[in-house]
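Heads up, the next two complexes both have chain A, just with different partners, chain B and then chain C.
Presenting the complex of A and B:
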């Protein structure tokens, strides 16, 4: 051995075997009693510490009571975020599945165009796409004499659904290609047309494979919804900042932002936990 | 017919020279400064996120349970909260508290908005990198580690010379996706007025009222930046490849 380091201990063989505990399952490591306690303690400490400082000036209300006072307003804002995420997810998924199927089309031009569209939207920043939709879609359109208004939040939904579409398209392409060719051939020999094979044989089988990525994508999308506050939609982030400027207190800043962060954490954590569970479950079966 | 004129407009050979960011000296300077700022932001955050990732993954393999749980909590928190809110939290909440008295006697922020953008983006991407590297470390065969132990390597040596080189190769594809995402996420710095590409473009289009043109320039710029990064990662993957290892 070229390395100069001496072997530790003269009689390595006689050392008792080092017994290492098995690696903890991921879910246990990430979320157990200790993590929970640590998180809760940190959260409580941050909430309580400024409240103690307030004792000297009793005429001001405590931080916790202010947070509770704003909770209904913020909850409405958060509900709006959830609504935006669900709508974008629905639109994006529908468009993404179609685009994904086009990506495996037997026609070469269709395939390349679908690939180009997917790559383009997958590689441009979410915020830029949002700006694109907000600024370039007219605020109302006229169809057959009737005026259809396009408020900002609908444009935001469209803007968020574009990257979702691109990611979904990639997942679908991967899932469709991962179905064994035997499925195609046996369906063909049973006299199915290509369209029938796609809708009746291949797509139902891709659901299971796409599900974990799809759920992960939903969590990512939900975490992207505060972006709409930048372009002037009154979501939870905009309301939080309005609440902060209405209160105008420096000691409220950290608790308030942590409060909003924990809202998102509580909403998104179960989704990613279930995603990991599904990933593990399906990876064993493969 | 309208479409045809637009198409012909695009096919004109000199449309490129008509772009504001090419023809106008002032706007070109601003655009290039914005591009440079985005590149700086991306490179620095990529570097620090890799540092966070490697350190975090090393700690997650450590025997101390407390350390592992702490890193696990950090990863879970940063993965499951919106990056924009994290950025606001750092810049508006912590940045407001962290102030020092400047030379003129007025309180001044300790860290600039550029600094907070890098800290926030590095921690966000770093948390994901921890997970990616940890998966890579776990994928290194146990027998390899045991063989190194039998040869008398210390824990640090095993991590540095055996596990990390193999784990990096295993985790490169996932790492690439995450770093591409990080470059796209640098646009968030717009929200705290860091003069990066998006911010500068917004300035240009609100002065010159050429939203459509700047939007297209912006999209093409980002796709170009990402393409450069993907190319670099691809080259890196190729040079690191060990013949006969992996696919």
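Presenting the complex of A and C:
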């Protein structure tokens, strides 16, 4: 550290305060060898420990072989969770962007209603919203003689998209208001209409600002998808319960739920890691 | 009312403007003829910026009248677009669109607002970029340019709408002394081409050189005005004299 060596006659210099600690590169943070290894060892230990216990009763198959046996079924369920999360996110984002734009409408009634809708859904428990959607939406809708069925999982998608919409609406409102007013003024003086300013100037600039929060929201949503098992959708959670009751073994409970937890972790952790990376990248420059 | 070129292109009559209880403009009257260059100077907070923002209807006024080519700016029924086609404005903070390249910044308004042919607009945009001496920067993003370069892009972007009047709101105030010159040269070129320019500026040397008429505002009124030679060397009002003695 050359800087620390005192030099004769050197004056004390007040270095500018470091506002933020230097961030580690993404790879170091995400795939830190030690944390990951420790995590994997912990998982392995929990999974294997009961398996050793089973040796006392050799006629029963081991825990690991049972997990592997159920893996294709559970994977289908997990795929369903992912599908539900993606659809809810898409619908919720689309509605949320519109609602967020309405929240900054120059028309007071529009602004107030958009605000009310946002606050209502943002402050409702997700599970209650899910139940509400299940009860509110009919099993099927008849349009011009054709029957359009509404299976439970579609209702679940709609139910989960409501809180996504509300959060997205708030993110959008914040991002729109964070764009300097000079952007509005210069676009206005070039003759753009309000709608054009919004779509051509303001909204494209909000993408960067909203992206980290949006991805974080997606991770949270994915972790909330097992809620749909409560309303009778055959997601990974429902299938896990079914598998457990089919096996009828108490010693399977903890390993199997841990197994599912690790799936969610492996799916969601990279998303939150990339989110942190984006947050750092975009927080530097305005 | 139809406007003819022998009438003032911009005309303000007894304009009053308040923000809440603060009266910013207290009876401004001034006329600008086509092709004229006028500079508005004065201490900060004297209403200079508000004055030119009112001309562009970015701020509304409480009483009085502002006309641009016969269009009553403060008329609630006014089609703002017809006004904005005539008046271009350049801001202190450039306000370029950061997500668009230089070329896209210049092309955007003519295509989206005037719905002009893309190829024609592009040819014109490239000429304008060359005119503000930024050839080769067409595909750069504003963030990659210096302040002076950004400000020249902002000027080109405004010119792309073919305005009849250009408003400059302290366009060099955020620039360092070296880059001020390149922006001023661009404005000088414009003025030489016959563009009607209204400038709010702190560059006295520039005002003296370029202006046909200099207006000094203080506390919301025009204290004194005149051609630069008489204004700068022979100011009558004590407030003008005091202001000039402080900055010259």
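Descriptive notes on the structure:
In the analysis below, the second predicted complex is superposed on the first by the 255 of 286 C-alpha atoms of A that agree within 3 Å, B and C clash if a C-alpha of one lies under 4 Å from a C-alpha of the other, contacts with A are read in each partner's own complex, and residues count from 1 in each chain.
The criterion applied here is as follows: a residue touches a chain if its C-beta (ideal position, glycine included) is under 8 Å from a C-beta of that chain, and two chains touch if they have at least 3 such contacts.
Everything numeric in this text was worked out from a predicted model, so none of it was measured.
Applying the stated contact rule after C-alpha superposition, one finds that A:260 touches chain B and leaves chain C untouched. When the shared chain is aligned, chain B comes close enough to touch A:124, but chain C does not.
Once the two structures are overlaid, the count of chain A residues touched is higher for B than for its counterpart among chain B and chain C.
In the superposed pair of complexes, A:95 makes contact with neither chain B nor chain C. After overlaying the two complexes on the shared chain, residue contacts for A:63 are found with neither chain B nor chain C.
In the superposition on chain A, contact of A:204 is made with chain C only, not with chain B. In the superposition on chain A, no contact is made by A:157 with either chain B or chain C.
Here chain A touches chain C in the complex through residues 180, 182-183, 185-193, 196, 200-201, 204-205, 285, going by the rule given at the top.
By the touch rule above, chain C contacts chain A in their complex via residues 56, 58, 80-81, 84-85, 87-89, 91, 93, 95-99, 108-109, 112-114, 143, 154, 157-158, 161.
In the complex of the two chains, the chain B residues touching chain A come out as 60, 65-66, 68-70, 72-73, 75-77, 79-86, 88-89, 92-94, 96-97, 138, 151-154, 157, 180, 184-188, 190-191, 198, 202, 211-212, 215, 218-219, 222-223, 226-227.
On the side of chain A, the complex with chain B involves touching residues 1, 5-8, 12, 23, 29-32, 34-35, 38-39, 120, 123-128, 131-132, 135-136, 219, 222-227, 229-230, 237, 241, 244, 250, 253-254, 256-258, 260-261, 264-265, 268-269, 272.
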